[in-house]
Structure formats: structure tokens, C-alpha cells
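Below, chain A partners chain B and then partners chain C, in two separate complexes.
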Partner chain A sequence: MIPISQPQMKRLTAVHGWSGVILGLLLFTVVITGTVAVFADEIARWSAGSSTERGIDRPIDGIVRDLAEKLPLFYLDDVAVWKTDAGELMAFFHSHAENPATGQPDEYGAMFRIDPASGAVLDRNEGFMWKQPWAWDPSALRHFLVDLHVQLYLPDPWGLIVTGVLGLLMMAAAVTGFLMHRHMIRDLFVAERPGARLVSARDRHVLASSWSLPFAIVLAFTGSFFSFATTVSFPIVAQVAFGGDREAMAGTLFEPPVVEDTRRVRAADLDAIRAIALDEVGGPLTFVSIHHYGRADSRIHVWHAADDGRLGFTQTVFDGASGAFLGVKPQVGNSPSTGNTIRTLMWPLHVGDFAGLVSKAVWGALGATTCFVILSGLRLWVRRREAEPLWRRFGRALTVTSLGLPVAMLASAWAYFLALPAADPFFWTPLGFLAGAVACIVLGLRVATEDRLRALFWRILTWACLLLPPLRLATGGTSWAEALARGHGEVLSIDLLLLAAGGLMWWARSRSRARTIVRDRPAMEPAE
Partner chain B sequence: MGTLAITVHRPAAAALRRAAGAIERRPVLARWLLAGPGALLAAVLVMAAMPVWLPAGAAGVDNLVYPIVLAPLIWTVVFVYALLENSLPRATAVLTGLFLVDGILVALTATGTIHVNAG
Partner chain C sequence: MSGLAAAAAVATTLAATAWLAATDPKRRRAFRLPPFRGRRRPRLALCAALVPGVLLLWTGNGAGFLIWLGVCSVAGWATAAVPPARTARAAERLAATAAGIGKALRVPGGGARSAARAAARIDALERRVAALEAALAAAALGERDPMVARLADYQAARAAQRAGDA
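And then the complex of A and B:
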């Protein structure tokens, strides 16, 4: 171990503790929502009312060509094609314009929602469409939960900056925690000392943090990278390397060099390109982007999700006029590089999306362990100071946050499903979360004892979990039989997980009450 | 020769000793400044100067990608150093050195005197 002197240990302990106390509750919010967001795609398919295979698996050329022929050239500057989690095809024909709402350049165009089987246009919307998620995201629940994790539902860019700072804080807590460990290997197998004493709580914290330490560092590093990359780091590097011209830097990093040729030509067959892309790299194909549709200098990028041993997304590039395969393009730059490899690894390392549901489940479990580490660390801090009224109040805030946040997240799911048949789920889902959070805070202020408050939260969580699957089915969600017939395990899995969680909480509560009765009985006997 | 060297350097050495003394008289404030705004500023400057001295690599992008990806790690290294260093004057000297070297590189790039590495 690294030799640490007494004054150094004192400083490390102070930073480890205070960093958690000052922003620990916010950090818990980001980590618990992130743990749920690992399963964002599964939640989307579970909540969207129907589920579908991943990837573009039907012909698209006729659909895109028909739509393009009816649109002015302005809209053909860029075309994006993808399939939603509800199985509908989306096509966004757009160019670039200044968004008056933000004063920034943005993508303006016409977005079509299409039945992939018949090619019929189900909906058409026009505007700065990425700012209007209701038009393209079939699950307001997934959208809300991911947004809460990524930027705590705060406006751009402040949400990202706050979550970036929280990522750095987690790095500080994890690294100082690592340096404070005098016996790292022994701590991996530490047994909890009996008696529900302070040392017992410390043992639990040490055990969980020792196992999750590497994961916490990876998570904090990749998370703060994603938060700061676009808001801070990219603009600074662009300022130094390109005199502040961010578009020039983006071009160097992400765009292959193309000689401009504005002649109109017949666009290449997208289905033939789809077949070559599948042949060259493999599926599933999740996104097709066409630059300068129907022009001689057109380029088509096809995105392949991580699969078949590929850790991250892979991109194949085609000539948009001739349909010729131009090669596999790294995410960054135009030829393989260490920089690209490192950049490509950031996403799978952050979300665990590299070996299907197995790696996601591991990431989810480690995320849950990290939540426990944060809460047990904060609880330890409070227990050492519970004689002081201020820290007792902080302890109450800790209870409200740790149990109230899951309640609020479940409330957002309830609001989503209740709004789905007749109202706007993009409006009601965040409102459901807010209502749940406010209700939990009010309970925290009004319920007199800590034990009663915990019991109340526990009961709410139990019923919220147990009744959510029936609510989903009642509001038109995919039935278990339909999901099984289509081979979509996530619908059944999430329903069963919720029922199991509710059942487990019910059982734990009943057991705890039985223990309390048995413990209290001998004390009453002498009086009798 | 020896006399001349002592005569020339004595005021500078005395000024440094005074500065070190001032830092050591306020250890908590100095540590806060070094590990807080100091570490943040150093991390930003190191990141900003990296495209100048890092090789661009075969694809011509490594010197742009590394600083963006490694920014959180750079901050962590500087922060932990500022926290663990027992000698506050030494920590101040190291961070000041980082500010100066990286700041000068960034300033020279901004004025067009030197250019970032290109692939």
C-alpha cells in the first residue's frame, strides 16, 4: 500500500467525508438514476406499449426516396433514418439554421413517423425537432429518467456542468477512499462485526466500497468525461487548436474529407447499402445518416450497435451517389488511432452496453452497490455525530432522499402510464416525479419518528412496485403472452423484477415486525 | 565569483523564503486554494496546452482527443497531489510551474507564434 503519514490521512479523511456530506445526496441522485438508466432501452421497450427487434431490419430505400422527392432541396442537406423502440421508422430531412430559442445553430427540418411495413406516413412534424422529443421518442419515461441522470433536469449547459462536478467529486471520494485503505485485500473479505454497532456499519461500508472501488472510479471518470466533453473540454481545445472554430474541429474529428460537388444525381440504393453494411460488419444497424442526399458528393454513414464481439458502435461509410463501400470509419478521425480506441471505450465503460443484458446487469448491480456505498458512508457520518441536532436533521434528509427518490421515480412511472391513454406523457411524467418528491419531503417534515417514516416509505415502495405491472397492462401495454410470442424478454423481466422487489419488501417488512414483537415481549413479562 | 553569485541571488532567495513563510503561516487557506481553484485552473491549462506538445498520431487526432478524454483524470492527479503534498511551498511551486509552462504554451498558440501538432 501507499505509505500515508498521519497528517495526510487526516486530510484524506476530511476530504472523503466532507465531499460526501456536501454533495453526497445529489451524487446519490445521479448514481441511482444512472443505475436505472443503464436499462434505458429495456425500459423504453417495456413502457412504450409495444416492443420490437433492435435495428433497421426492413427495406427503407423506397420510403426515403418517395419522401425526398416531395421535399425542397433545403431539407435534403442531411437525412437521418432510424427505428424507434416502438418499432416505427423515423426519417428526419433537415438542414442547419439558427434556433431563435437558444441563439445557437441547430438542425431544422421535417420529421416523419412511418409504418415500416406499409411505408405509410403516420405523422409529420417540422421545426427544430431534437428539441421536441414527443415527436421521436416513444417513451417519455425513458426520456425523463435519462435526462434526470444526465443533467438532473436542469437547463443546458448547467445540468451537464453540475453532473460533471459530481463526477469529479465521486473521483475524489473514490481515490481518497482507496488511499485510506490500509489493508485493501483484507477489506475485500471483511466480515461484519455483530451487534448493529457503529463498527458493524463501518464494516458493511468498507466491504461494499472495496468491491465497487474500481467500478466507482471508471464510472466517475467516464461520467465526468461525458458531462464536460461538450460543455468545457471541447470548446477549450477548439479555442487552442482551431482559434475557437468548433465546426472546423468537429470536421477534423468526425467528418471524412469530401471534395465538394453540387451536381444532382440519383441517390444510391439504401437497401443495397444496408446489405453490404451487414455483410461487412454485421448487425444490428441502428442509424443511417445521409449527408447531401441526391448530390454527387453525398456520403452515407451506417451505424452498427455493439455486437459480435464489437465493444462500441461501429460506423461504415458509403458513397451516396454510387453506393460504393468506402470502409469502416473510426468514431474519431478517418484511420485507426489510439485516441479513437480510448474514445470508443468510454460509452461501453459508462453504460455497460457491450455484452447484451449480461454486462448491463453487472453494471446495474455495481451501480446499486455504489448507491449503498454512498448511503452507508453518509449514514456512518451521521451516526458519529447524532448527538448534534443539525446532524440528526441531516440524517432525516438522508432517509427522505434515499427512500423518497425511488418513490418519486416510481411516481413518474405511474404518472407516465396513467397519462399514456389520453394525456401528454412528456408533461405528466416529470410532474409525477415532482409530486412524488414533494409528498416524500412533506412526509419527512411531518412524521415524528424515524422508524415510522421508514416504515411508511417502505409500504409506499412495496405497493408502488407491486401495482405498477397491472397498471401497465391496464393502460394497453404489451401482454406477457404477446411479449413471449415475440421473444421480447424485457417486458416480462421488468414486470417480474417489480413484482419480486415488491414481494421482497413485503416479506422483509413482515419479518422485521415479527422480530420487533419477539424482542419486545420479554420486556413486558415482568410487568404482567 | 562566489561572492557575486551570493550578492545577486540573496534578495531573490529572501523573497522566496518570505513567500514560503507566508504560505506556511496559513496552511489551511493555502491547501484550500491549491486543491480547489488551483487544481481546477492547472487542469484546464494542462488540457488546453496538450494539443501543442502531444503527437497527433497516425490519424492526426490523438492530440485533440487525449486532452478531452483525460480532463477528469488530469484534475484528479493535480487535486490528489495538492492534497497529499506535505510541503505547501513545494506544492505552490509545482502548481505555479504548471500554470506558467502551460499558460505560456497556450498564449504562444493564441498569438500564432507556435502551432498545434497536425497529423
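And then the complex of A and C:
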């Protein structure tokens, strides 16, 4: 226990409470979308109508070589090859140019969507392709949900700055909460006391936050790191150490030193490199990046997903001309370091993507716990001030956000599936979310009592969950029989999860209604 | 193998956590339960809860350690958040379900034998009832069946005995 004086405790309480109240609803938005985004790959496979693993598991050398031969040298500066969640191979031949829309250097080139089995080009697009997600992301739903979590759908770089600040806020709330709560160990097993009293609300918040404290700090820190890395940290490092030259900084931090040699040579066999990479490190290969394709100083980087006890991504480097294995490259710098180890751990610690669905499920549960902590803390704050009309209105806003946000996310999924057969899902998915959110806010303003509002949201959530799988099937999604025949678990799992969630909400609602009827029934008079 | 180690570590920690929760003095006081009477051994239970995680780290199973930490955070909260009365009810239900499953597993051998015995007994009883009905019907027609005669004699003797007692 850390000794804290009375004035210090008052200050800590003020920081803990007000920081939560001012930005708590936004923080809840980021955390709940993050909880869903943990399953981003699974959602992509479920919504895109396929369930293929992303590992590059077929020969790619012939495909890449054929395409490279037909392209001008400008496009061969950098080549990226990966497989989408829909099972299609993507190859992006590009160089660097200033994007007139942003005024920043960007990657310009030709992107090919390829059938990995036949090698046939299904689609070709040209431009600053990372700004055109429809060309490379098979699921607009996944794209939207991840974007909402990462930058709240705000323009660059403001969204990242806001989510970074929210991460810092979460850390501040966790640390002040830890310091404020003097009997954390002694209260570690005290469940919510009965009676729906103020102390019950406090018990609920304290218990959940005590158990989730370590992860709240980890998730907040790693989240802030990712938000601030590109918006604040790298520009500062570039300014301080490289005189503002970001490309020089990227070269030093992320590229092994190579002596420039512009002679054209035959590029190394990518399939032989794939085999060596698997042999050296193992695990599914998710991304191949070729710097200076077909040049004597070419370098090939192969990314291995976390697997078999490895926590983070591993990167192997090859000579792009001879195909010789040059070693495993740290993510930062060119030799192993503590900084690199910490950097490598950031991603798995934030998203839980290191042991398949098991670790993702655990991280999803941790996200749900954090949502509970935020909501229970805000409810406790409102409960203490419910006599004041302003805080009662804040309580209403809390109800609208906590139940309306899941409704809006489901609305985005509905819009995605409805738009899939004929319209642009990248346009309609965010619009569906917006429509759902606006409808929830209107309901929050119009419905008179809190109980009715909750019941209404609950009913909407129930039906939105129950009817989403039939909608997916009706709009041409993979059928259960097809999914079972191909061994694609995600399609069936997410459908069943939605049906189970809807069924559970239905059951919970009917049970609570039955209890309310029994409670509200007038007592029988003796004469009756 | 590393997955099994993580699962074993999680199971050990959760068992220790459940023990600590069930015997926690403040929790019992808050829910007006009598103090725990046995030996609580909180330090030993705490060691049992934490050592599996240390062992996972010691053996270099980083993924297992993170999963252990995550599961224990969520499941520890879930264990502590359930009030003791509900935990007791859940334990009773669990015990009843386990007993039911055990019974169902024992049925195939013993159940078949007892079912055969019951069927044989029912057959014998049905035969005896049919014989008695036939005898009673014959008595009603004035014939003195030996079995009915024995019954009538027995009833007359019992009636005389009761009268004597009175």
C-alpha cells in the first residue's frame, strides 16, 4: 500500500473521475471496436465469403516474374506480394512519389489481383493504391471496423492522435485507480454486495478493474505506442537524428545496409526462397517484399506470422539476385537489441494474435472486461450524482452509447451485406454505422424512460443478431454446408455466435420481463 | 506440448484462485457467511496460483505465459464476481449433473440386468393376479376352489383371533 495524504487522494480521485467522464465514452468506443477488431481476420473471412488462411502456400515465382517482365522499370523499385482473406494473391509493383492529395510521399504503382491456382490476373489497378482499399481488402466490414478502432474514422493524422490520447487517458485512469484503491488485495474476492446500493456499484467497478489492471495498462500502452509511432515519434526521431529525412530514417531503422549496384540481373527464384524461409524459421509466410526487383543489389524480405511459440512476426532476408539466405532481421535496426524485443512484443500484446483463435478469444474477453470496467466506472460516477439533472442526462448518454454502439456496429454489418450484391460496400458500410448511430441517438432523445429505452435497444440488438446470419446467406454468402465441406470454421462459428447471442438476449429479456410482472403484480386483498 | 503446459498452469491457478475466493474472510463477512473453519493456508494457495506462470516463463513458453495471464485475469474476475450463494447453487447443480452422468455411464451393464429382473417379477405377479381373479370368479359361481377355500379359512381365523383379542 502506498501512503497517500488526504489532499493527494482528492487530486487522484479528481484525475481518475474527470478524465473518465470527459473522454470515457470515446474510450469505450475505441475499446469495444478493438474487442471486435481482435477478430478482424475471422470477420473478413466470414463476410467476404471465404475462409482461406492468409499464408502464401502456392508457387508465386512464375506469376511475379511474368508480371514484372511486362512492366516498366519504375514499377520494379518495390514489389509486395501477399494473399487476401478471400484467398486471392495480390502483387503490388510500385515506386515512391508525392501524393498530390496529401502532399506526402506515397507508394504509386500497379496492383494485380490474381487467382493463385491458375495465375490468371483477375483485376489490375494503378495509382496510390493504399488509399484505395476496395482494390486490395476483400471485406469492407473488416476495413471499417478496424479503421474505427484505429482512428475513429477521423482523417489522418487526427484520428491516430485522438486514439493515442485516449490510450494515455486509459493508462492515467488505471494508475490513479491503482493508487486510490488502498485495499486492492484484500478486496480481490469481494463480489458485488446485494441490494443494488451505491456500495454494490462500487464493488462491481473495483472488482473488475482490480482483476483487469495489468492488461488495461498493457493494452493502453501498446495502443498509444501504435497511435503515436507514425504521427509523433517517427517525425520527432526523423527531425532530431536525420535532419527531417524520413526515408533516411526508415532506411536506417528498417532496411539492412546494401551497397548500391544498379546492374540488371535475373531475379532469384521466389519459390526456392519460400522453401528456405520455411525451413529456417517455419510458420506461415504472410508477406513477401522485394526491394529493387531484378537488380544486383536486390533484397527480399519474407514475413513469418507468429506460430509454434513465436510471439511476434519474424522477418527473414534474402539476396534478391542470388537467393542466398542472409539471416533473420530484427524489426528495428540490424542487430538484436532490447528495443527490438520490446517493439516485437507490442503487436502480439495489443491484438493477441500469437496462438491462433485461443489467444484471440482470450484477448477478446480481456477487451470485454475493459468495456465493463469503463461502463461500471461511469455508472458509479452518475449514481453518486443522480440527484442532479445534468448527470442524469449524462447517464442517458451513457445508456445510448453503451447499447447504441453495438447496434450501430451491427447496422454497419447489415449495410455491408445489403450493399454486397449490387452497390459499393466501402461506401455503404460506414453509412450503415452512421444511420444506426443517429437512430440510437434519436431514440435516446425521444423515449421517455430509461427502462423503456433499454428494453428497446435490447430488442433491436436481439433481432439484429438473430437476423444477420440469414441476411448473409440471402445475399450470397457461403452456405453452412459449403463451409463444412471445405472445413471453413469461421463462417459457421460467427453465424452460430450471432444466433447464440440473439437467443441469449431473448432469453434474458423474457426472464427479466417475467420477474418484472411478478414484482409489479398488485398484492391480493383478503377478500379476493 | 506447450499448449498442454499452459492448460495445466491455467487449471492449477484457477483451482487455487477458487480456493482463495471460497475461504476469503472479507468475502465471507460481506455475505454474512460463518468464518471458514478449516486451515486456509493462503500463502500456499497464493504460491499454487502464481508458480505455474513463473514456470511457464522459466521454460521459455512466452505464448503460454501470456495466455495463462489473460485467462487468469478474466476467469479470476469471473470466479470472484459470482456471489457465494450462487456459487454454491452452481456447485450443487454441477455435482448433480456429474452424478447423473456417472449414473448414465454405469447403466449399460447393471441397468440391463435390473431391467430383466423387473420384467420377470412383473410377469410372475401378473400370473398370480390372473390366478386369483379366476379363483374369485369361480367362488362367486359357488364352486369351492382350494385356493379360495384356504383364503376364506385364513380370513375366518383372523376374524376369530381379532374377536378374541377384543
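We adopt the following convention: the second predicted complex is superposed on the first by the 521 of 528 C-alpha atoms of A that agree within 3 Å, B and C clash if a C-alpha of one lies under 4 Å from a C-alpha of the other, contacts with A are read in each partner's own complex, and residues count from 1 in each chain.
The rule is simple: contacts are C-beta pairs under 8 Å (C-beta built on N, C-alpha and C of every residue); 3 or more make two chains touch, one makes a residue touch a chain.
Computed from a predicted model, the values in this text were never measured in an experiment.
After superposition on chain A, the partners chain B and chain C are accommodated together without colliding. Touch criterion not met for A:153: it reaches neither chain B nor chain C. Using the contact criterion defined above for the overlaid structures, shared-chain residue A:359 touches chain C, although it does not reach chain B. Applying the stated contact rule after C-alpha superposition, one finds that A:346 touches chain B and leaves chain C untouched. In the superposed model, A:237 makes contact with chain B only, not with chain C.
When the two complexes are overlaid on their common chain A, residue A:215 makes contact with chain C while staying clear of chain B.
When the two complexes are overlaid on their common chain A, residue A:186 makes contact with chain C while staying clear of chain B. Between chain B and chain C, the partner in contact with more residues of chain A is B.
For the combined arrangement built by superposing the two complexes, chain A sits at the apex of an angle of 110 degrees to chain B and chain C, based on C-alpha centres and given in steps of 10.
In the overlay built on the shared chain, the residue A:253 is in contact with chain B alone; chain C does not reach it. Following the chain A superposition, chain B and chain C show a smallest Cα-Cα distance of 20 angstrom. Residues 4-5, 7-8, 11-12, 15, 167-168, 171-172, 175-176, 179, 220-221, 224-225, 228-229, 232-234, 236-237, 239-241, 249, 252-253, 330, 332-340, 342-343, 346 of chain A touch chain B in their complex. Chain A meets chain C in the complex at residues 186-194, 204, 207-208, 211-212, 214-215, 306, 309-311, 348-349, 352, 354-355, 358-359, 362-363, 365-366, 369. Chain C meets chain A in the complex at residues 2-3, 20-21, 24, 26-27, 30-31, 60-64, 66-67, 69-71, 73-74, 76-77, 80-84. Partner chain A is touched in their complex by these residues of chain B: 31, 35, 44, 47-52, 57-69, 71-73, 75-76, 79-80, 83-84, 86, 106, 109-110, 116, 119.
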